[in-house]
Every structure is written in C-alpha cells, then in structure tokens.
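Each of the next two complexes has chain A plus one other chain: chain B in the first, chain C in the second.
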Partner chain A sequence: MSPVVQGIITIILGVGGCAAYFYASNLVLDKVIFPPRNDDHGRNINRANIVRPWLFVAPAIFFLGLYLVYPVVGSFFRSLYNRSGNTFIGLGNYTQMFSEEGFRVALFNNILWVIFVPASATFLGLLVAQLTDRLKWGNIAKSLIFMPMAISFVGASLIWKFVYANNPDIGIINAVRDFFGLNPIDVLQIPFWNNFFIMFILVWIQTGFAMVILSAALRGIPEETIEAAIIDGANPFQIFFKIKIPQIAPTIVVVWTTITILVLKVFDIVYAMTGGNFDTEILPSYMMDYMFRDDGRATAVAFVIMIIVTPVMVWNIVQARREMR
Partner chain B sequence: MANLKLTDVEKTYGGTVQVLRDINLDIKKGELIVFVGPSGCGKSTLLRMIAGLEKITGGTLEIDGQMVNDVPPAQRGIAMVFQSYALYPHMTVRDNMSFALKIAKKSKQEIEDSVNRAAKMLQLEPYLDRLPKALSGGQRQRVAIGRSIVRDPKVYLFDEPLSNLDAALRVATRIEIAQLKESMPDSTMIYVTHDQVEAMTLATRIVVLANKGIAQVGSPLELYETPNSEFVAQFIGSPAMNLLPGEIVETGETTVVKMDGGGTARSNIATKPEDKGLKVNVGVRPEDFVESDGDYIYEGTVDITEALGEVTLLYFEAHDGDPVIGKLQGIHQGLRGNKVKMTADPGRVHLFHDGTSLLYR
Partner chain C sequence: MDNIAGQKSGLSIATNLSVIALVLIWLIPTIGLAVSSFRERAQISETGWWRAPFSVEQAYRISPDPEGAYQDGDQWVLEGNLFDSSEDASGQGTVSGFGITSRAPGAAEPGMIYARYEVQVIEPDGEQDDTNIEIAYAEGEEPVFPDVDEDGNTVVQDIPPIFDRSLQVMQNGDFVYRDADEIDRGPSVYITAAQPPEFTLDNYDQILTSDGMDRAFINTLTVSIPATVIPIVVAAFAAYALAWMDFGARGFLIAMVVGLLVVPLQIALVPLLTLHQEIGIGQSFLGVWLAHTAFGMPLAIYLLRNYMIGLPRDIIESAKVDGATDFQVFTKIVLPLSFPALASFAIFQFLWTWNDLLVAKVFLPSNADSWVMTVKIADDLLGSRGGDWGILAAAAFVSIAVPLFVFFAMQKYLVRGLLAGSVK
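Right after this comes the complex of A and B.
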C-alpha cells in the first residue's frame, strides 16, 4: 500500500475514532447510565452533566498518564536497580553518584548555568527590547537578534566553535589576541571560565526569545502611566525601573523560569563543544554519558534533574496563569 | 497661583500636517477654562502642549510670565488628570499619590502630610493602602485628582476626566470637581471635554475650538446667548440651534427678515440701511420657539414628537438637510401630522451672514 493511502486511512481512522468515541460515550451516558426518565429525570440530567466533562478529558488523561506519568514512575523504579536492571540496590545509584567527583562537578556547573543563562538572557532581552522600542531600524535589529532562535543547538555550537577556534585565522577571539601580539589560546580549555564561554552560546540563542516576549510586554504598558510619571518628574531611569519594570514583572518571571527550565534540559551544546571534557559537564550531558551503558545511573540523574525542574516549573505555570487573568 | 498665556501657538506634525494655529489665549489666575470642540479639533493636543507632553511647534506659552516652551513638564508647575486615570497599577493609593513628592526628594513628614491632607479632602482615607484595581472607577478618578493635588501645582489640567465613568457617577464627580474648584479658588484649571453639560456647568470661560483654531471664547452664557458664528451657535446647546434662510427687508434697531419658507422674523440685532436685501440665516434655538397663531418664523408639519414630560420635542418634516426642531414647555399631545406655526421673541433671534453673526460685525 502506498504511504499516502496509509496516511489518509490513518487520519480517517484517527479522526473518525475520536468522533465515534465522543458520540458513543455521550450516547451511553445519556441513554443508558443516566436516562432522563421516570421520577428521576431532572436529577439524572444534572448527574449526566457532572460526568460529561470527564468523558472529554478522559482520553487526554489516559495518554498523558501513559506517556508522562508511567515513564516517570518507571524511571524511578529503574533508578533503584543496578546496571543490568536485575538486582534491586535501593538508593545505591544515588549514593554512589553523589560521592563521585564527576557528578558534583556537573551539579555545580549546572547551578552556574541556571544562574547565569536565564539572568543574562532576560537582562539582555529586556535591554534590547527597551532600546529598540523607539528606533526606526529597531525591527531590523530585533529580527537579527531573534534569528539565532531558529538555529538548532548543535548548529549554533558549530558556529561558535569557529568563533572560539584556537587559530587566529579562524577564531575571532584569537584573531583579536593575534592583533595585539598575544599567543592563541583555546578558551574551551580555560578551567572554570570555559563554562561561561559555552553558556554564552545559549544566552545568544535565548536573548531573542526574551526580547520578543518582553518587547510585547513593554508595549502593553499603558502610555498614560508613563506620561503621568513624566509629569510627576521621573527621569528615564526612574520611569524604566519604577514604572515599567514593576508593570511587566510577571512577564519577566515567566521568561526567566521558561529559560531556566530549558537550561536544565540542554545537553547538546556541551556535547558538541567539549563533550563534557575540561570540567564542563552539566547534568543532562552527564546523564547522556551513562545512558545505554548504565541505565540505572542514567535514570537516577534524570530523577535529580526532574526534582530540580519541578519547583521552577510550578512557579512558571502559576505566574503564567496569573498573567492570563 | 498662575496666569497662563498662549501667543500664536501652533502645532504641526512632521512639518506639514497642521492641527492647530493662531491660538491666542490669556487665562487668568483662578479661572476654570473648558476646551470644547468636535472630536479631532485638537483640544486634547492643546492641553498636552500646555502639559509639555507634546512639543509646541510655533508661538509661545507663558506660565506666570515665564516662557516655558522648552521647560520639561515636571518643572512647569502643572498637574494632569488623565481620562484613563493613568494610576500606577503596582502601587498603592498612598504610593501613587506620593510618587511625585518622592521623586522631588521631599521629606517623609512632608510627603505624609500632603498625602493625608489630599486624602481627607477627597475622602480617600480608608483606601490609602489599596491597589488601584481594588477601587471603583469613581474612586480611581479621585486618586488621580489626589495625585495632582499633592503636587500643589499652579495649573491643573483635566483631560476628559469623566468620560470613563457611568452616567450617575459622572454627575456626582462633576459636582465634586465643582466643589473642589470652589475650595481652591486660587488654582487655575484647564478642562477638556466634549460634554456640553460639563462645559456649561463647570466653566468660568469656555473656549470653543474648531477648524484648527479658537472659534470663540466666553462665559457659558455669553456663548449661549451671543454666539459669534453659526458653528458656535450650533455647537452650544442641545438640540442644536435651527438655521433658516431669509432676506433682510427692514433695517434699524429691529431687523425684519422675510423668510424663504414664507413668514417673517424679527430680531433685536440692529442693522444698517445698506444691509437691506442681505441674505441671512435666521438662528432660533428649539427652546425659544413658541406656537403662534399670527406672525410666524417657520411653518411646518410635525413629523415626530418626543414627550419628555417637562418638555416636548417637535421634529418637523425635513425638505433638505437637518429637520427643524422645536422644544415646547410642558406636554403637548396630538400635534403629530399637524401644520404648526412657530415664532420667537425678537431678543432671542440670531442673524448670521456667511457663517458669522451680524452682532459681531
């Protein structure tokens, strides 16, 4: 059978199946379970209407459970077993992991990432959004700054490998050093600071995201409040920090936490830049090192990441909801 | 307090689009000046130019004898109340009111005293620690007014402050503003509105803006009784003044006009002998019309009547243009479809030629 026919049949079956499910389930509810008949008809209509929403969300709950909740629980149990998965070792994977230098480095680096990347990207995004707001060529500047968003992390890493290249003919950093008569260096091998050179790639990518969201938020501030502040005698800095920032604070939190969640998932940049060498490992790349070799350990790392992400995510959702109101 | 003087003020956007020109106005200390005009006439722009939010592209603006064209808004000694209140949503009422004083680095005690005084004046004391979103529209507008009071400005600027309020609240707040003005007899206020009732009730003098300039300046009753042009005559008063074409047939202390639609109008506006034969528009306010058995200015068939109880509005059949409207005291029934003759007191009949009143020649 040709793939096109297969696809069409799948679509028809899928959409038809959904329609059939909603139609049939409602029919069963109204005619069989709570039929509006006899003395109970009023009460039965009410009862059916209490149950009805659940009919509509049930498929979503089922599939979310299957593909999200079950893997989480499954991973947790897997993390309690040894490498081959046949011996229960309790928290053995965790205790061993925490005692390892490599994990501690990855955890420390990850904390650096979580602090530096969201802060820098949000700050730069806000700065660009404010500075380009009234410029004629502001939109061109914004498009240029937004463009890295369209590049994959690995692609961006390749670009920055050239920027950081240990060769004055290729890398711009070493070209500048060469101009001042300094020897070329490999910035990816400078202890501690190499982390920041890698982080900067993600900042470069995410600034565009922060800028777009914050720019929209800044434009949403009522013009009159700014004019009132001008009449009240506030200078541009006071207007920015005392009138504008507080009014977009919820948006700043959403942008900040969204980038934080992203940071906790990034592994490809580190993988492409250094492969985790020179003490640049972060938790996701550390996890990837163990994946398929020691699934018990890898799932334990995944669990640690999840525990770190969860509170940030809850905060993010709470803020986003508050903003929608 | 201040007097405010505008000399040949004009506003041009982008060097080509002129929105205001030849604005000459002398506002005395303690006056409440109302700018009215049709929408788009530039009344808000003029107010914003006085505030310093829009650049003055020509002419001079003086406050207390000092030219302030290039003085930043905060140093002009003005305060502004916006239509949308423009309260800072993240600050409490107290912080909203003290913001300007904090910026000006006033002492804590001074700020607290000013805020408390203004809050007491506007009955805002129970709400000082609330955020604007927890206040009603009227309360928000009072906070906006309080915010300007604490700055103790020379000139208060109001930009359609009541437009966002519902009808009942608008009346109540209008009276509050009138009382506020009374309690601060020395403060100068400029008030922009498109609402005639606000203009007539609040103003010391009304400035009617039209066609990029000032059409007429005067006290509310001056504008009502002696408008200088057809525009002002029709703009002030509701329903608008009726304009009926005719030709002057007798001149002197009392002018007699033969109406194009038959009938005769007499006006106490004096004319010179050479005016005989002049084509004029006779202006009569709907409320000045009375039913007549003999002499009449206008005769027409009543198309629609609206009985409002205190008055009855008669809309006559229109042949071209707007219908002629009469407003009769009390209740008049059974007039619909009848031919009715209307006349008016000669002291209340206006004469216009080429759009301008013969009174102002």
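Right after this comes the complex of A and C.
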C-alpha cells in the first residue's frame, strides 16, 4: 500500500477514531453506566462528572505517558546495560564515556553552544525589536528576519554551505577574501572557530523568534514610564537600558531559556555541515553517532542531556504553578 | 512619539541603516540559494550567484561539420558559423576569444587569424628539431615569428615555416578554417564566449524526475499531514478538560505538561524504537505518526489550554445552566471559538514535522523509498552530489518552498502562537 493512501486512511481513522471515542465514551457514561434516572438521578450526574474529565484527558495521557514519561525511565535503565542490552554494567557507559576524548569535545562544544547561541540570538532579537519598533517599514523588516524560522535545519545548513563554500565562485565569504587577494579558506575546518560558524546558523534561525517575543514585550511597556523618563531628560540609550530593559527582563529570561532548550535538541546542523568532523561534535550529534550502533551509549548521552535540561524543567513547573494560583 | 524630545534625526538615519544591514545579512544567504537553483549548472561553477545577471565567460570546444570544405590553391577551406555548429554554445553568445588548442582556448581575439606553423628550432643542447608554433596576427598582415618558442628553443628564422592550419573567428561566430591537408573530419576549434545569463528550470526538472526528490516530497507530505491533524484532536479535548473541568489531578497534569515541554526528544528514541519493534510497528510511517503526535502533545495542550482558559466564563456557564453537557459545550462553543489557537498550533506542528530530520531518521525505514526530504538531502544528496551546487540548491528550495509559503500566508497565527507558547 502506498504511503499516501496509508496517510489518508490514517487521517480518517485517527480523526474519526478520536471523535468516535470521545462521543461514544461520553454517551456510554451518560446513558449506560450512570444514567440520570430514578432515585439515583442526582448522584449519577455527579458521578458521571467525576469520571468525564478522565475520558477527555485519557488519550493525551496515554501519549504523554508512553512517549515522554516512560522513555525517561526506560532510557535511564537502558543506559545501565551494555551495548547488546543483556549485561548490567551499572554506570559503566557513563564512566567509559567521560574518559573519552570525543565525548569531552562534544560536551565542551555544547557548553559553547549553550552560551553563544541563546546570548547572540536574544541580543540580536532585542536589537532588531528595538530598532524596528518605530520604523515605517519595521513590519517588513521583522517579517524578513523572522523568515528563517520556517526553514528546516537541514535547509538552513545547505543555505549556509553555499555561503561558507571554499570555492570563491560559490561562497560569498571566500569571494570577499578573493577580492582582497587572500587565499580561499574553508571556514568549517578552522579549529575551534569553525564551531562559531556553525552556531551562527542557529542564531540566524532563532533571532526571529527572540525578536517576535521581545518586540511584543516592548510594545507592552506602559507608555507613561517612557514619557516620564523623556520629561526627566533621559536620552534614547538611557531609556532603552534603564527603563525598557528592566521591564522586559522576565521575557528576556523566557526567550533565553527557550533557545537554550532548543540548542540541546538540535543535531541536524552539525550533522549536515560537518558530520561532527573537525572537532565540531555536540552532544545531540554525538548521540546520533551511537544510535543504531550502541544503544547503551546512546541512552547514556541522552540522559546526560536530560540532566542538563532538568533545572529548566523544574523552574518552568514552579513558574507555572505560581501563575495558576 | 517620533518628533518629541529624546529622538534625534541622526539616530533615525543610523537606525534605518542598521536595520537595512541586518535585513540584508539575513536575506542574502537565502537569495543566493534561490538564485543558484535557477542558474544553468555550468554557469554556477564559473561565476558567483551575485553575478548571475551578467554574462559568463565560458570556453567551448566545437567540432564543426566538415561538409562543404573546398580547395583553394594548396589549402583546404571550411567556412561557417560556430554557434550554428554546437548545441552547447548556441544562443546569442558573442565570441570573446578563440584558439585551436585546449591549452589556450581564448588565445586570439575575434577578427584575428590564429595559425599553426611548423618551424625549425635549435634546442639548448644544439640539436635541430621541428616543432609547431601558434601565432595570432591581424588579417592582411604577415605572421611574425618569435625568436624563442615556448620551451626556450631558438627559432631558426631563415628556414621558411611550413603552414599547417589557421583559424579566423568573428565576434558573431563566423569562422574561416584553413588546413594544409584535406579536411575530412571536423576540426577541433575552441572559443571563449560571453554567454548571456541563463536561467532554467533544469535543476528542478532533474531532482524531481530522476533524483527521487518527488518521492521524498510525497513522503514528507505523508508524514506531516496526519502528524499535524491527529494531535490537534487529542490535545483539544485534554486542553478543554484542563481548562474548564474541575477534577483533583488537574493541577498535577498541568504541571506535568509544562514539565514535558522541555524534555529532549533524544531521550525517547531508543526506548520507543525498541517498543515499536516489539509490538510489530517497527520502523514505519505509523511509528512516525505516533511519535510526532506524542512529541507535539505537550505544546498542543499548553497552547490550547492557555487560549481556552481565556474564553469568557459567562458563555460557558450559561450554556451549562441551559443543560449543555461538557461534550456539547466543547464541540459547539469552545472548539469554534478556539480556532486561532488551533491554527497556531497546526502551523507549528506542520512546520516542525515537515522540517524534522531526527524523528524521520529514527522511526522511518532507512531505504530510499521512505526518505523524507530532509533525510534525502542530508544523507543522500550532500554525499553523492556534494559538489553539484545547482542540484543541491534546487533540492533545498523544493524542501523549503512549502514551509515558506505557509509562513508568509499565516504569519499572524504563527506569531500569536509563539507569544502564547513561551512559558511566562
């Protein structure tokens, strides 16, 4: 059966199945299990209303539980076993991994990524948001800078492969070097700095995200605070740094952490640009090297990523609970 | 606020200039890709895409048909037009140089005569030998032979050189070829021609017909449509329950959703692939749909719940007073009102599943029939067609065309979703 037909059937079955499930389960609950009849009338309605929320959330809980909660535990246990999965080796995968040069390079690069990408994207996003705030063509400019958000990481990597290409007739960087009489240079092979050329691709993608959120935050600042500052004689830079920034600080933190989380997931860019060669490996791409080959090692890397993410997760939950009260 | 104190016009110019600069930096790489994908492949490797509107100097080897050669004295002559004789070089080109060797395809300027003579030379060790020498000279003049040839041998001037062949090419491609021997096969002549910029759909044609990108495109579509639609249905019900139904575990479930928003996908890969293999799904489209549905679930619930809880309480409560069940309230009131949030999430999920490489690599079979476009580009084209920039550009453009369209068509919803989706 062709995948297209499969896909169409899946949509029909999936959507139809979901609709049927919700409709039928509600019907069964109201008419069969707790029918509002006779002397049990009131009690049955209450009982049905206690059960009903669970009918609504059950499919979602199934997906969340099986595909996101269970794997955290499952990955951890798998990481305690060896490559073939039948011998318990405790933290063997972890100790082995930490003693290897490749993992340490990936960890070090990942730290670079986690510092550089969120910082640059947030900074550039804030810069663009502020600069375009009062421009007539600000919305067009924002739209164009936002555009890379729609492009896949693989597509973006290809776009930048053109820019970084060694051939001065393809790569614009080397064309500029050529113009000044310099020899072409493969920026993806410069030790250490090649990481920054790869990171910039993600900055290029994520600046739009930061810009959109921060731009909305800037718009949300009460005008009176700015007017008061102007009357007190503040110059534009003082207004920006002393009035606006403190008021949008919480949003900056949100943007920063969101991009940080994303950085820990993206393996595509390194994979497409260098395949992890020339010391550009990061944890997600390092994990993919072991995926399909050594599940023990792969899950151990995944769990390291999970541990790095955990503080953000806890902080998010605390924030959400505080907001709900 | 434009003209009040605190705003300086100098600052405004600086602002405009810096925004222009930033927009250009952001746009140039994508424009380069788009332009390259439409260029003729030989031209891509000759000049950078930023020179695409200008003509490209290219060298051609042409072998005109020997038909129509005639004898003129002791020489045979072939006349004609080089552009007519070659498919490669046809078109509106202008000859900028020509030659008779591949070493120097553009040795002579149009209108000149370029001839080969056999001359006698004295080699440095004193030996006399014959060698060929090529000379360009203007029409009506006599060739002047150099004292020393290319290899540093002394040319003997008093022995008359023997004519071998000559070529004259005009700017429009007309040529006169003379040979000391009878012309029975097409002579090899070379021209460099400034080809006008050539834009073509050949690259697209090739990847879509012979390189299998059409298959990958359909696979991507097949992955992303069900993976966008199904989570919406599942999440909408859950979001309603978490927003408007009162039950004990609600707070806990909301916290769980918020926590799961940031769980890295990597952690799910190995256990779920193992699970899929154990229950018989294996690596298949069904597996990808399930995985995408689940991975999109936290954001879907979070976005939709945030939106639904902002709906006016009066409407929902009065409906309930009128006797509507939760199921009716949900389908008849909340769902239609939540359209903007549903659209936001649908765009997110569509872009994410369309652009995804990781989930497709892990949960789909690794044969060419099941490749989605990202896998096709990253695992196949970048390796096998690494230097073929025209093909790569066209492939990338095919893969980003749909997301770009969705992006520009529904930017409003995307922005709205982003604003609602970032944890505050």
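By definition in this document, the second predicted complex is superposed on the first by the 249 of 325 C-alpha atoms of A that agree within 3 Å, B and C clash if a C-alpha of one lies under 4 Å from a C-alpha of the other, contacts with A are read in each partner's own complex, and residues count from 1 in each chain.
Criterion: a residue touches a chain if its C-beta (ideal position, glycine included) is under 8 Å from a C-beta of that chain, and two chains touch if they have at least 3 such contacts.
If you're wondering where the values come from, they're calculated on a predicted model, not measured in any experiment.
K.L.:
Have a look at where A:A234 lands relative to chain B and chain C in the superposition and call it first, second, both or neither.
P.N.:
both
K.L.:
Just to be sure I read the superposition right, which of the two partners does A:P222 touch: chain B = first, chain C = second, or both, or neither?
P.N.:
first
K.L.:
Who touches more of chain A, chain B or chain C?
P.N.:
Comparing chain B with chain C, the partner touching more chain A residues is C.
K.L.:
Now for A:D279: first (chain B), second (chain C), both, or neither, which partner does it touch?
P.N.:
Once the two structures are laid over each other on A, A:D279 reaches no partner at all.
K.L.:
Looking at the overlay, what does A:D169 touch: chain B (first), chain C (second), both, or neither?
P.N.:
Touch status of A:D169: second partner only.
K.L.:
Figure out whether A:T258 sits in contact with chain B (first) or chain C (second), or with both, or with neither.
P.N.:
The second partner, chain C, only.
K.L.:
Let me test your reading of the model: by the given contact rule, A:V72 touches which partner, first (chain B), second (chain C), both or neither?
P.N.:
second
K.L.:
May I ask you to decide whether A:D294 touches chain B, chain C, both, or neither, giving the answer as first, second, both or neither?
P.N.:
Touch status of A:D294: no partner.
K.L.:
Contact-wise, after the overlay, does A:D186 reach chain B, chain C, both or neither (first, second, both, neither)?
P.N.:
neither
K.L.:
For A:I243 in the superposed arrangement: first (chain B), second (chain C), both or neither?
P.N.:
After superposing on A, A:I243 lies in contact with chain B but is clear of chain C.
K.L.:
Is there a shared patch on chain A that both chain B and chain C touch, and which residues make it up?
P.N.:
230, 234
K.L.:
Would you mind writing out the residues of chain A in touch with chain B in their complex?
P.N.:
222, 224-225, 227-234, 238, 242-243, 246-247, 249
K.L.:
Taking the touch rule as given, give the residues of chain B at its contact with chain A in the complex, in rising order.
P.N.:
51-53, 72-75, 78-80, 82-91, 99-100, 103-104, 147, 151
K.L.:
Could you pull out which chain A residues touch chain C in their complex?
P.N.:
Listed in rising order, the residues are 3-4, 6-7, 10-11, 14-15, 18-19, 22-23, 26, 30, 49-50, 52-54, 56-57, 59-61, 63-64, 66-72, 74-75, 78, 124, 127-128, 131-132, 134-135, 138, 141, 143-155, 157-163, 165, 167-170, 172, 175, 204, 207, 209, 212-213, 216, 226, 230, 234-236, 239, 250-251, 254-255, 257-258, 261, 264-265, 267-268, 271-272, 284, 287-288, 291, 295, 298-299, 301-303, 305-306, 309, 312-314, 316-317, 319-321, 323-324.
K.L.:
Residues of chain C touching chain A in their complex?
P.N.:
1-2, 4-8, 11, 15-16, 18-19, 22-23, 26-30, 32-33, 36, 44-50, 218-219, 221-223, 225-226, 229-231, 233-235, 237-238, 240-242, 245-247, 250-251, 253-272, 274-275, 285-286, 289-291, 293-295, 297-298, 301, 325-327, 330, 351, 354-358, 361-362, 370, 374, 377-378, 382, 389, 392-393, 395-396, 399-400, 403-404, 406-408, 411, 414-415, 418-419, 422-424
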